[in-house]
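Below are structures written as structure tokens.
Shared between the two complexes below is chain A, which pairs with chain B and chain C, respectively.
Now for the complex of A and B:
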């Protein structure tokens, strides 16, 4: 696999080619949405905003949609139930490294002992073209989480060298895509050093940081179950679930039925759910195993900083900063809580 | 990461089963017997649960109350408590439902073989425990002394009355029961919470495993009694209730701290549960 350097014009040509030929499936890209950015179907390379700071929603929505039909059933005239699994071939352009890291966690969660076809029949066929984040949002602390760059989990990774683009090739699929396109030139060590300098400079732009090494978080949490920080931080929580809805690593879902008007059939769907919502752990007997908001807040902090790591080898937080940005009470950012615990407050 | 999968492997796809018998157990509880349309067995272990689907209503986790020694069908005993279970109570013989599972670890049969057993059931905690008790009674020679304690809130809430009578008169089991309170003098038995039965039993703590299933509030008091009797922490086994929505360790609802109750549970030893701060 050979890294490459291509001009801005050639990158646009490459993207337009993908859109036209659909050789890697439907092309999704990062686009402006009002004065913010979001992933959406790409009509032309000119729509691409690779200079974006953060997408409103993480790209997980293409593999784990906000709402997804999983079964179709019929109760009349015949009793019948069939799985619904949408298979899709996608090329997603402009995924930031921390969002790629989050997808790796998703792969681990939705794989394992009971792999989920609804996830993998979309994920398997996806081409991921990443882009290094050069304009982090103020709440992002990815640099201190070590997720501002990734070495795997992508087919191609783009880095803006100012004039040209550096293309890091991360897979055989990415390699053959570049070879097939043929434009640009092989990257030299000088180009690679340029890329690394761009990355180093970008890392300095992060305004928020975790004041410890990420692998210290589990022990910090172990020592602080009873800490008043959880109650104090969550005192203003609206239990709205916004932090979860924008999170690239939140994997949980609810399942509901949607009967047809004639009641003879219908669909079962899953949709995103949030452990910060009051009823998440409630059972029919009336027991609610995380009834109070400080319990839910603490659970989320442990989930992000410990539980997922112990279960799947990936931390449950990639430091993207979306939760902290969307939280009306400004309490959701995991780094803020971990830093407070570290300071012993 | 490439996982070669097909739609048929959907984690949401249930098998179709038909209700072949419904018996009322109390005002709020019924037992349903099911047979799969494909004629196959459920293939469960005592202590496992299934996800029951009523299409148009949804799905709910229900523990299996019949023993796997009973072939050809399986039973679910259900309290009408939520939307699915209330709807299930309106269904009769011939109605079809979806069943996914069995899920969860179940009771550790290999560990229990050859040991003395102390069953402690509170209220409808008897539903999942009955699967194991009947299994033990059907393979009685594989186990040592068996003691069963059953407590419920009032005589009206007693369930599986025929079975309670059988156990009470059985020479293969020491059976004691109690009710928390009595509305009148029709009840001649023990009155008081389930822990009041503990002074009446004699067990060998070295050989005995306690298997405890009941409402969340019951556990801490029963565990204390078991420890007082000298049982080791890993000799106290319990089944925990959580909101097992998917049953396959994905949806997140059943988490107890970092543990997925539908995967590592619902059966835990007290030694395991002790380190889980949210467990009891």
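Now for the complex of A and C:
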């Protein structure tokens, strides 16, 4: 696999080619939405905003949609159940490294011994074209989490060298896409050093930092189950769920049946659900295992900083900063809570 | 046997009933699933024999009280349909003035011919089994309630604030657009339709079960609203609730 350098014009040509030929499936890209950015279907390379700071929702929505029908059933005239699995071939352009890391966590959670077909029939067919984040939002602490750059999890990774684009090739699929397109030139060691400098400079732009190494978080949490920080921080929590709805590593969903009005059949769907919402841990008897907001707040901090790591080998937080940005009470950012615990407050 | 369903309107604009009819093709399934025996917007039929009564509008006269009690006695299930029936809705604005003042403003010289009482929601007068919040209520939620009643399933109101569906809809937060939004404390189930349309949430679906009102007031103040401005935000749809009175 050979990294390449291509001009801005050639990158646009490459993207337009993908859109026109659909050789990698439907093309999704990062685009402006009002004064924010979000992923959506791409009609032309001119819509692409590779200079973006953060997307409203993470790209996980293409593999794990907000709501998704998983089966249809009939009870009359005869009982019948049909799984509903949508297969889709997608090429997603402009995924930041921390969002790529989040997808790797998703792969681990939805894979394992019982892989989720609805997820993998979309995920396995997807081409991921990443872009290094040179313009981080103030709440992002990806540099402290080591997720501001990634070495795997993409087919191609773009880095803006100012004039040209450095293209890091991360897979055979990416390699053959670049070869087939044929424009640009092979990257030299000088180009590679330029790319690395751009990345080092970008790492300095992060305004929020974690005041410890990420792998210290589990032990910190172990020592602080009774800490007053959780209650103090959560006092202003709305339980509005914004933090967990925008999170790239939130993997949970609720399942509901929706019967047809004639009651002869219906469908079952799943929909994003998350632990900061009051009903999440409520069960049929009326018991709620995390009834109080401080319990939910603490659970989320443990989930992100300990539980997922222990089970899936990936930290449940990639430091993207979306939660902290969307939280109207300004309490959601895990780094803030971990730093407070570290300081012993 | 199909449940017999009746719709009754009290003080309101009847928009909730219109929304109930706004189902396109699903209305055919609806009338196959239930017998609509009274619904003045679609039929002049009248019946005193019904299982499910939908109450639209708020209670604003003594005559309303007697009529609602009569309906309650006849119905097995009573559903409050829409903001006016659930919380009093915009009609509760009059509760912040004296009844004499209201009559004078509305009827002028003829005020002496009318009587009015402070606005109250249906459940302040009679027990209510189900609430379909909203101005107007969400048509999918209306359908879901009917399905639950027909199938004998438990009907669960949306417990999440509007923010959840607003994030799912991929909206830019109304606060980021410089609006004062009640979404963080308002019961969802509306798919955040107002914010998606570029507006903000006025709280027409009433409050979630455990609203963090102090946080909401702090938030509105942080964005430059005075205490009075904050109360006005809550009073538009939630005037009968404690939150609007302080």
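The criterion applied here is as follows: the second predicted complex is superposed on the first by the 345 of 345 C-alpha atoms of A that agree within 3 Å, B and C clash if a C-alpha of one lies under 4 Å from a C-alpha of the other, contacts with A are read in each partner's own complex, and residues count from 1 in each chain.
Assume contacts are C-beta pairs under 8 Å (C-beta built on N, C-alpha and C of every residue); 3 or more make two chains touch, one makes a residue touch a chain.
Remember, predicted model here, so these are calculated numbers, not experimental data.
When both complexes are overlaid on chain A, the residue A:73 reaches chain B alone and has no touch with chain C.
In the superposed model, A:89 lies in contact with neither chain B nor chain C. In the superposed pair of complexes, A:110 makes contact with chain B only, with no contact to chain C.
In the superposition on chain A, A:259 makes contact with both chain B and chain C. In the superposition on chain A, A:12 makes contact with neither chain B nor chain C. In the superposed model, A:241 lies in contact with chain C only, and not with chain B. A count of residues in chain A touched by chain B and by chain C gives the higher number to B. By the touch criterion stated above, A:161 is placed in contact with neither chain B nor chain C.
The interface of chain A with chain B overlaps its interface with chain C at residues 259, 263. Against chain A, the residues of chain B that register as touching in their complex are 1-14, 16, 53, 55-60, 79, 81-82, 84-85, 96, 98, 215-216, 241-243, 245-246, 248-253, 255-258, 263, 277-278.
For chain A in complex with chain C, the touching residues are 33-36, 38, 56-57, 66-67, 236-242, 245-246, 258-263, 271-272, 277-279, 293, 326, 328-329.
Across the complex, chain C meets chain A through its residues 26, 29-30, 32-33, 143-144, 146-147, 150-151, 153, 159-161, 163-164, 167-168, 170-173, 175-177, 183-185, 208-212, 214-216, 218-219.
Against chain B, the residues of chain A that register as touching in their complex are 70-71, 73, 75, 79, 81-85, 107, 109-118, 120-121, 123-124, 225, 251-257, 259, 263, 265-266, 268, 270, 273, 275, 280-285, 287, 289-290, 295, 299, 302-303, 306-308, 310-311.
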